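Accompanying notes for the structure given below.
Think of it as A, B, C and D in the order they're written, each chain with its own count starting at 1.
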Amino acid sequence: MATYSILAISGSLRAASYNSALVRAAVELAPADMRIDTYRDLEQIPPYNGDRDTESPPAPVLALRERIRAADGVLIATPEYNYGIPGVLKNALDWAARTAIGVPALRHKPVAIIGAAPGNFGSVRAQLALRQTFLWTDSRVVVKPEVIVFRARERFDDAGNLTDESTRALVAELLVALARLIALQRTAGDAP
Amino acid sequence: MATYSILAISGSLRAASYNSALVRAAVELAPADMRIDTYRDLEQIPPYNGDRDTESPPAPVLALRERIRAADGVLIATPEYNYGIPGVLKNALDWAARTAIGVPALRHKPVAIIGAAPGNFGSVRAQLALRQTFLWTDSRVVVKPEVIVFRARERFDDAGNLTDESTRALVAELLVALARLIALQRTAGDAP
Amino acid sequence: MATYSILAISGSLRAASYNSALVRAAVELAPADMRIDTYRDLEQIPPYNGDRDTESPPAPVLALRERIRAADGVLIATPEYNYGIPGVLKNALDWAARTAIGVPALRHKPVAIIGAAPGNFGSVRAQLALRQTFLWTDSRVVVKPEVIVFRARERFDDAGNLTDESTRALVAELLVALARLIALQRTAGDAP
Amino acid sequence: MATYSILAISGSLRAASYNSALVRAAVELAPADMRIDTYRDLEQIPPYNGDRDTESPPAPVLALRERIRAADGVLIATPEYNYGIPGVLKNALDWAARTAIGVPALRHKPVAIIGAAPGNFGSVRAQLALRQTFLWTDSRVVVKPEVIVFRARERFDDAGNLTDESTRALVAELLVALARLIALQRTAGDAP
């Protein structure tokens, strides 16, 4: 039985997305005691509207929050759009960051960040912006390793398999770090 | 006849949004030779999907791009969600920043930024993130004055009218700066 | 005997600095099992030069690194200069982040950040920039509470005593969070 | 006679600095009507201290401010230290951004940014941080092209000559953009 259950979210809706491919690689590379489930309903999340953020939010929002709450940790794969977080991903986080009842789903939640982009610097700026957002939500974000898959074309085959060995090793290392962070939170209580 | 036509976009979908109220104030405070039209279809913009960003993008996207192209400048009113740009606003900019045909609507476009938030620092971080995005799009963003309406509750009346005189003066000053930037681009050619 | 020994660094050289005053307040507000020593040699740190960052670095650099290594945690009080970290503070961190021998002094080091500024938003942007730097150093930075002392003039008396009760409570809360982070690292091993 | 006089500042003190080498390349690549003088006294700038920022600041500060004032534009070459601006460079800008008499030297000053680093992403984050600082100073910063010389080792020969043709072309293009920005400011008045 899996000791660590992770919810993975790819910030891209493209069918052939490198970030979705990176999530698939993470599923394969997860340690034996980790199960990574992939969130596939990003497109269903409505645009954030404070007036609808009530005790009865839209059903896809409720489902997203529940899945984050149920998971031990979250893995985010972020493209970089226009030097920032894709709006579609940020919009989902905007809903996940709040709640009209109880504690927001992301509060103190262990999080790991990965990201792929076609260009030389892609995802560097998006990942920094994501870390800034997780500061607000008071999530627990793994610091190292940073997994920044630049020039993604060179690291995946045509079927979307992550073939670059050093990137595979880095993703595996990140998942171990995420597991350690979760374990630490369980045994020793939450870190500030 | 208006010499400067501006498209204003509020990044909030709330009915009683301070940022939409700030846009209404800007409409009133515009100099005589400026007309500000308010974009009201933010909620219709679908989530950005590179696979749909073709020569025939979704109709609301096409309309947004056309309106930005037709305007001499853009005024953005941004809330701050989770230390960043609201996903819903960023998503619209993600579409506006690209195009499968011709030149992206935001390229070299004069832009002015305003923002309101209930808290002490609200909108500071979102405005910095917006400026980073407009760097990618190579837009022409007014530098000063920065209009950061913190503790918005104290500056609007219950009907959503901007009552704070110093904020009104600042918005008016920003619009004059936007007009000057447009005029400069017209007479002297575009700045790098 | 103190269980937690903290090195506090104020990023300002002004005699009447609010940030140095904030450090003095922290010394008073520290929990009984914490001792905060104040670093006073910032002005002696030479400009960072990679050619001098050898096995025999300048004496003040060696001393700074040793004091950070010897401390259980670091408390940084940062002014904001020109929307960023004061150069003088960043320069000291540039030295502390590296080492020609062994492990850099800041690696995995628990860190807490405070900051004061005269203006409305002062220190918000500097604190975000600092967090970005501590990401590189792989330090362990307390996330909450954030202690951002804006309009500092209203919160200190003329002798530089922090008189604002809610700010005092916040500083005390931050120091407790720093102690918990150190305790966690001791008992459970380091967090990723 | 040169029409455009530029002051170039390298943010690194290393003798074999890639950023100083990049400045030397810029001197060579400058258009015929531009003269680039290199600032060489960065190491002499004392740590910023508000108490010394009076009508009689330290002599090297006075000289730096005068040289920036006398120049038509400024070229900054920035390394990236710990995901940010080198403290030594930021410290010089902290002095240049202020003044006890008259207008700060950087106000409305045309600025172009370049940067080199050994790693894959080096200088990306430093350049964004620099742009944030020049927002405060209300300088006029060239937006495109961005000149981010990553894996610098591959682009310079052992004598520190910039040998990479595409980088040389990019630097030349940036200098032309800087000249155009200065020309625009002269003929049409300052942009907001």
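Heads up, the rule we're going with is that contacts are C-beta pairs under 8 Å (C-beta built on N, C-alpha and C of every residue); 3 or more make two chains touch, one makes a residue touch a chain.
This structure is a prediction, so every number in the text was calculated from the model and none was measured.
With centres defined by CA atoms alone, the chain at the far end from subunit D is A. Two chain pairs, A-B and B-C, are compared here, and A-B has more C-beta pairs in contact (counted per touch definition above). Taking each chain's centre as the mean of its C-alpha atoms, subunit B lies 37 Å from subunit C. Rounded to whole angstrom, the centroid-to-centroid distance between subunit B and subunit D, based on C-alpha atoms, equals 30 Å. Here the spacing of subunit A and subunit B, counted between their Cα centres, is 29 Å. Multi-chain contact residues of subunit B, defined as those touching 2 or more other chains: 125, 128, 132, 135. Across the complex, subunit B is touched by residues 83, 120-121, 124-125, 128, 148, 150 of subunit C. Chain contact summary for the complex, subunit A toward subunit C: residues 128, 131-132, 135, 138, 140, 142-144, 177-178, 180-181, 184, 187-189, 191-192. Across the complex, subunit A is touched by residues 12-15, 17, 42-43, 45, 47-51, 81-94, 97, 125, 129, 132-133, 135-137 of subunit B.
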